[in-house]
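Once you scroll down, you'll see the structures, which are given as structure tokens.
After this come two complexes, each holding subunit A, first together with subunit B and then together with subunit C.
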Partner chain A sequence: MKVGVTIAALFATGLAGSVSAQTELSLWYHGAGSANAEEALVNQLVEEFNANQSDWKVVIETFPQLAYNDAVGAAALAGELPDILDVDGPVMPNWAWANYMQPLGIDEAKLEGYLPGPIGRWNGEVYSVGLWDAAVALSTRRSTLEKYGIRVPTLDAPWSLDEFNGALEAIAASGDFEYPLDLGMAWKGEWYPYAFSPFLQSFGGDIVDRSTYQSAEGALNGDEAIAFGEWWQGLFENGHVPGTSQDAADRETGLLDGKYAMSWNGNWAALPVVEAFGDDALFLPAPDFGNGSKIGAASWQFGISATSEHPEGARAFIEFALQDRWFAAFSDGTGLIPSTASAAADTVNYAPGGPLEVFYGLSEAQALVRPVTPGYIVQAKVFEKALSDIANGADVADTLDAAVDEINEDIDSNGGYGH
Partner chain B sequence: MASKLTRSNRAGWLMAFPGIGLIAAFIILPFFLAFAFSLTNQRLASPNPTEYVGFKNYRDLLGLAVFTLEPERDDAGNAVVEDGEIQYPRLRTFTRRNPDYPHLEGKREWFSWQSGENRTVVLASDVVFMKALVNTFTFVLVVAPVQAGIALGLALLINQKLRGISFFRAVYFMPVVVSIVIVSLLWKFIYSPGDGLLNNVLSGLTFGAFEPRDWLGDTSTALGSIIAMSIWQGVGFHMVIWLAGLQTISPTLYEAAEIEGSSKLQTFRYVTWPGLRNTAILILIVITMQAFALFAQIDIMTQGGPLDSTQVLVFQAVERGYGKQDISGGSTISVILFVIVLCISLIQRWLTRERN
Partner chain C sequence: MALVTPDNSGLRLFTRYAVLVLVAVIFIFPLLFMAMSSLKPDQQLLADTNSLRAFLPVGDLSFNNYTDAFARAPIGVFVFNSVVITGVTVVLTLFVCSLAAFSFVFLDWKGRDVVFSILLATLIVPYETIFIPLLLMASQLPWIGAEGLEIGWLNTYRVQIIPFIADGLSIFLFVQYFKDLPRELIEASRVEGASWWTIYRKVVMPLSGPVIATAAILKFLFMYNQYLWPLMVVQAEEIRPVMIGLGYFTDQLNVPWGEVMAYLTIITVPVLAFYLSLQRVFIASVASTGVKG
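Right, the complex of A and B next:
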């Protein structure tokens, strides 16, 4: 079949007029109206694929991100899923488990050299692959750290918990900023588990016990998790970070406006920082709270729906997308991290010496995917609420206990989620 | 009678069919489905078969227990006191895997009070639901009278023959026309902590004496802030209903009252108010039902936070049903809400019945 595709590709340029023989494949995409170039690039990818071979014609349908997951759920109930699905990495196990998706069936040798984040595995099989990953870092300015005599941490020697706290206190004591650190509490939803659960994991806890995925007991309410919770609450009590009612506009521009000294933010927001501060801009690795520095991994990926009548066509499209030149194009267009090192070398931002090169290193060295379980979507919600409540002064141990109970109850009522 | 109704009104039933069909498909059927789901473990998406679980969902939501905590005692048997506060053992030692207290398993503290040395704690299986229940009732109890009252005041103000009065009518009605989502986003900016609009205005009016507040981020002001903006948004609609009621009152009654020399207050008390009786009943019932359905403001402005101070029933139903894929849990809340609203409507009907 692969030979067929190649031959078809060879003839494609000459046969551009005879597209009527192509079988239609539907593709659903989550980024309708996205501010950056992502949507245009996805359209370009589809057009080139359609022009490059004569068997398949991908028809794209775009959804606003907020409605996308609901639309897929509704379509699955109605049996109307498209052939090719766009899926957020941590959600994929849920869709695979709920029989929305089928294994990709791509030769895994082709996925060598990829960052860990863009490959979506469930039950030992690859279900989805992404063209990019995202990473989070502490954005700040070199001059700020120098002014308060704070060591500039590196990937090999990140800040320890004490160093990090000391830095926050030194900046807070100066009174030069409204807050020393901006965590992005204004961004509700998936940002909380994506950005903050790595802190918990660095402390030694986790959202759920990953050895069995059957319980959160001990992981989310053990001593390490409680230590994390106390530290987390302290950030807000000491006035080191803005709370859950943070203004969304401040989140966007607070660092650039000088309201905050540091900002815990993703690489998609890094280019404005580079533009504003130039060489003074710094992107620092996550502090090591005791068990190594950790950041979240996995972004949006492509997979094949379980009900697709032409999985081989969907596979051909995804294999077509998995080329370094697409990784580089998406990275240049969106600022996201390309999935392979060879593609990174061709990008503007992640090439050696590029302004965001550091993020590739972060993603490679520290990235930890969120719990790979169908229950994650519930666990993420429970985790978000627990962190909000602790930030607002709730008792740490009681709140984490309650979160554990809710997660365990959910796992029980779903029969263990098929682990 | 019944046969006559069906036979001689065939055309009538035929014309009513689209409406009745839609109501049946989108309101009556979903309600019965919700009740059926609330007795199962139905999920939004799951390969597992749905199972009948009886009233488990109701027990999980409504379970309560009262527990008396005795203080920690030293060797002599006296209560341990640190910093002037009596020390108690942590509740989690009783509620988590303690075989001596199986009825407390998984329950959490809802509220407590001091009785002598002991502390009496009321525990709930689902504290978030209980808080949502209390907040919803608080919201309804404040919004129903205040919104109806302000709307009546506005209606009386604009029920005058002045030049340009329709301008004011339009202005008061405007928030109703704007989508609640937009209104909520705007008020989020208004309530923004630090240098938000409201903080700025208040500190300007008090020449800087006012301390800026975190309106939506503080448990003591969050629900009040939502109540205030909800009333602002909804008041215009009920003003128009009051206005319609006011304009049905015959002018001759006012003329007669004037000739009799009644004061403004007397005219309102004995002419206007009795004339508005049916309007008042309608408005009370409509506001109560709308207030119970509070959702969009919460979803956009606070997501139930901080510390559950703005949790409400409909938000919890949606959060569980869709956010956490627990359709049975969401359905159970919907059924409970239905029963509450039904009871209150029946009580209101009974209280406002025509007395002969």
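Right, the complex of A and C next:
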């Protein structure tokens, strides 16, 4: 009798176990150690997904951002990729091309109304989607512009090149500030292509020729690019911006401390400006240097690894994350821009009348994703070095020619990167 | 012939100590900067770098950076992992490499010189150049553990330890040291009927303090500073070492320098403690072998 009861109990336990068993999905996330609320929100998202259905259980592993991309590369080599990958937007084409990722396979109708930045496309397919984006603007004070008789630009009527240069000269001539403009030269790495390549694109150049992605010739060293390079160098030569050795502390608080009249900075740094200047705070669109105002786009996104044995589970998780309530929660927690207008309406900062509403408009109207090519990760570093060298006095045409050669050699040695 | 008088011998002594103090100050400045900076808020820390204040405990001092650093990353876990990984590797390296060196110096076997030459050749191959094939091998290696046969060593302590136990440099150091030991001792022991194992254990190793200290310190530093290998083979936070932990303190744009300095101060303590505990024998070894740490 006892044996019968035991067998029945074991059977029942096993049955119950099989009914409630969730298949494990691994998720790698880049934000270990991040001081903001992002990591907590990702954990909350995972917990809610796990609790809301019975098929899948997402297990998260967090990495420090500094090590994340290298860790993914090594894991791909060893065949140890997770099911769900967190990927920086401009890096995604490289991972897709290198077979680290597979297309998301979600209905694109669900992505209607999204800002352009959070959707990661490669070879005509969506590989990744983000819950947020970021935007850059010229932060300043209305009173500063009024004092020097400078027109307040708008999205519809941004500053032209001449107006922008005139504004810098007027402020510089006053001697009221250490520098008229802070570009954030204390920041390195991805900041350069993210924040500065839109200037080049507004001049009419680019990091690479986007029509073929097979060469940077003409794009990065054509007349427009040289005009950009000379203007860029002039900013430093004329003392309009701090150089590449800018103090990191000044970058953080120089605008608030009155050292700089304007600061080229992201929405993530905007709230302290609002708090410090109140109604006097202004976030201005990028100047139009001849080919429309441009700002960078695309932030971190979720995608499915090429080796995932459960892409349907990974897809289910990503679709669960693509809800306005999560966009709004992440935006409220981190200050980033939600991916849709409907989510923005539910946020503290980006709702109509909110202190950062202008950034949603900037993102919607001016955002241009960085070159969508696997070679971008090399091109970004070449671009950074070229701009840094030019800022420090290198010959503009020679530097850009050398950058073009380096980019073209890389494209050639990688067989054109699959375009 | 110059005479050494009490006067000029005192001057020489003073000069010697002055130079030594100057050198000591130069070497201690980075540590001092790190420790002092760990007590200052970021703004003050960066501002102080323009003056000698960077090396002084002045201004708004607190342990806030330490509190924040512990809140940001599981520092205790990282330090524990590094100490375990490094400690186990050092002990096993000393044992395996000294045994290998003993064999090269005292045992007569066919092909010994060829094998030793090959071993020496490995000294010029940087680890970084073999990491990718090593990674592929490690991902396919079998292991019999508590759960039976497993394939793949990734994400374990052993993958951070075993590949680094045997190394050419440690064997070379032991070989050079063993060669200088008096042969008579070994021969007398053999005449007395001692086995090779007994000679290794009771004659050779007790006389090898300086080289043991040197090999231990070099291996300790190499293992404790490992970054690339654990980055490639370890994904789980609970087995990450300290150098990977440093990445927790940087993101794309901002670096909390005070917390970085606090973290560096904490993870420097085991290194200093280990070095100071072996300092005397290490210096004796440097003096006798000319090996630099």
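Note that in this section the second predicted complex is superposed on the first by the 399 of 419 C-alpha atoms of A that agree within 3 Å, B and C clash if a C-alpha of one lies under 4 Å from a C-alpha of the other, contacts with A are read in each partner's own complex, and residues count from 1 in each chain.
In this text, a residue touches a chain if its C-beta (ideal position, glycine included) is under 8 Å from a C-beta of that chain, and two chains touch if they have at least 3 such contacts.
All of these numbers come straight from a predicted model, not from anything done at the bench.
Asker: Subunit A superposed: clash or fit between subunit B and subunit C?
Answerer: These partners clash in the superposed model.
Asker: If we overlay the two complexes on their shared chain A, which of subunit B and subunit C does A:169 touch? Say first, second, both or neither.
Answerer: neither
Asker: If we overlay the two complexes on their shared chain A, which of subunit B and subunit C does A:381 touch? Say first, second, both or neither.
Answerer: Touch partner of A:381: subunit B, not subunit C.
Asker: What is the contact status of A:402 with respect to subunit B (first) and subunit C (second): first, second, both, or neither?
Answerer: Touch status of A:402: first partner only.
Asker: After lining up the shared chain so the two structures overlap, which partner does A:78 touch, if you call subunit B first and subunit C second: first, second, both or neither?
Answerer: second
Asker: For A:34, is the partner it touches subunit B (first), subunit C (second), both, or none of the two (neither)?
Answerer: second
Asker: Who does A:100 touch here: subunit B (first), subunit C (second), both, or neither?
Answerer: In the superposition, A:100 touches subunit B alone.
Asker: Regarding the shared-chain residue A:247, is it in contact with subunit B (first), subunit C (second), both, or neither?
Answerer: Once the two structures are laid over each other on A, A:247 reaches both partners.
Asker: Between subunit B (first) and subunit C (second), which does A:70 come into contact with in this model arrangement: first, second, both, or neither?
Answerer: both
Asker: Determine, for the superposed model, which of the two partners subunit B and subunit C contacts more residues of subunit A.
Answerer: B
Asker: Between subunit B (first) and subunit C (second), which, if any, makes contact with A:410: first, second, both or neither?
Answerer: first
Asker: In the overlay, one of 93-101, 147-155 or 237-245 from subunit C clashes with subunit B and the rest don't. Which one?
Answerer: 93-101
Asker: Which residues form the common part of the subunit A surface touched by subunit B and by subunit C?
Answerer: 70, 77, 247
Asker: For subunit A, which residues are in contact with subunit B within the complex?
Answerer: Against subunit B, subunit A makes touches at 70, 73, 76-77, 94-95, 97-100, 178, 188, 242-247, 377-378, 381-382, 385, 388-389, 392-394, 397-398, 401-402, 405, 409-410, 413-415, 418.
Asker: Which part of subunit A faces subunit C closely enough to touch in the complex?
Answerer: Going by the criterion above, the answer is residues 28, 31-35, 61-67, 70-71, 74-75, 77-80, 187, 189-191, 247-249, 252-253.
Asker: Could you list, by residue number, the parts of subunit B that touch subunit A in their complex?
Answerer: 41, 43-48, 90-92, 95-96, 106, 108-109, 127, 189, 192-194, 196, 214-217, 219, 303-308, 319, 322-326
Asker: What part of subunit C is in contact with subunit A in the complex they form?
Answerer: Residue list for subunit C touching subunit A: 42-43, 46-47, 72-73, 132, 135-136, 138-139, 152, 154-155, 231-233, 235-237, 244-257.
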